[in-house]
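Here is the structure we will look at.
Think of it as A, B, C and D in the order they're written, each chain with its own count starting at 1.
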Amino acid sequence: MAHTTRDKAKLTARVKRLRGQVEAIERGLENEVGCAEILQLVASVRGAINGLMGELIEAHIREHVIDPAREPDQAKAEGTRELIEVLRAYLK
Amino acid sequence: MAHTTRDKAKLTARVKRLRGQVEAIERGLENEVGCAEILQLVASVRGAINGLMGELIEAHIREHVIDPAREPDQAKAEGTRELIEVLRAYLK
Amino acid sequence: MAHTTRDKAKLTARVKRLRGQVEAIERGLENEVGCAEILQLVASVRGAINGLMGELIEAHIREHVIDPAREPDQAKAEGTRELIEVLRAYLK
Amino acid sequence: MAHTTRDKAKLTARVKRLRGQVEAIERGLENEVGCAEILQLVASVRGAINGLMGELIEAHIREHVIDPAREPDQAKAEGTRELIEVLRAYLK
């Protein structure tokens, strides 16, 4: 089962929150709250999408490439751990 | 008038498209389309939000800091053009 | 006087440290330290250059666009503070 | 043999060019070329390091995790191709 299916409820809740943040930008524009606040709202959506992207990439690696916790080949397991660590720092 | 108010219709349409992209992620999760497609959908939202952020920052500079086209002080106008150019490359 | 001239000694020392980090990658390749360590060295140079870029952009704004601390027009001073704040979060 | 060893000559040449770009920043500061040019030099180093980082991560995946071209398990090979594709877009 794909992790996006297994974690469906958790991911859906998270994407709904993201939608709520985008809707807050729409309301801010509608209510003419001013540029600085719109910038802050957009920046927060950007942070949320980057966080979601990082988690999905890591879950994809574990599910569809190699799960270091279950991989018998220790060299590959180690190489995967190193990859996840570098990507976490990079996608932060 | 703040640019987010002057450009309200254009910005609102853009944010509505962004919401549509986020809703596409929700539908994708609901229909269990699988991880690769979800990753692509999230990546496209990320691209859209980065594009929106870059445009809003540039508009903020012109509206609330210095508009190089109307700034009498040529050194400040030039400094602002340089800033906009560096940020465009950076926020691409 | 341009800030890159005024802060010449400090910036030069920082760029020399950056060069030292790049030279560490060269030595790592020469000594065949292995991929994971090379990735970590490259990631640290990336972090250093992003930090330097963020500081230079902020200094450019204060020197060549508007210095909020000395700007008589309070709306422009406020707009510049907002810009600096958004860019700090963005370029982090 | 690690890819950073196998591709040692090519990678070393690339890192030397990167060092040359960093040294160009040092000369720029020394010759007081001014802020805009320093910003451009730093931005070019940033572009170069991001490019190098993207290539090293992809090479790490193929060498130390899964090489889709040689992987017998087609699901894992496909999952790895998807990962490489997403990271290319992301690390661009």
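Heads up, the rule we're going with is that contacts are C-beta pairs under 8 Å (C-beta built on N, C-alpha and C of every residue); 3 or more make two chains touch, one makes a residue touch a chain.
Please read all numbers here as calculations on a predicted model, not as lab measurements.
Interface repeat of B-C: among C-D, A-B or A-D, the matching pair is A-D, sharing over half of the residue-numbered contact pairs.
Compared on C-beta pairs in contact, A-D and A-C come out with A-D as the pair having more.
Between the Cα centres of chain C and chain D there is a gap of 20 Å.
Distance from the chain A centre to the chain C centre is 27 Å, each centre being the mean of its Cα atoms. Separating the CA-averaged centres of chain A and chain D is a span of 23 Å. Residue positions 35-36, 39, 43, 46, 53, 57, 60, 63-64, 82, 86, 90 of chain A are each in touch with at least two other chains.
Shown here, the protein chains touch in all possible pairs. Residue ranges of chain D in contact with chain B, taken from their complex: 35-36, 39-40, 43, 46, 79, 82, 86, 89-90. In the complex of the two chains, the chain D residues touching chain A come out as 53, 57, 60-61, 63-66, 75-76, 78-80, 82-83, 86-87, 90-91.
Contact residues of chain D toward chain C in the complex are 2-5, 8, 11-12, 15-16, 18-19, 22-23, 25-26, 28-30, 32-36, 38-39, 42-43, 45-46, 49-50, 52-53, 56-57, 59-60, 63-64.
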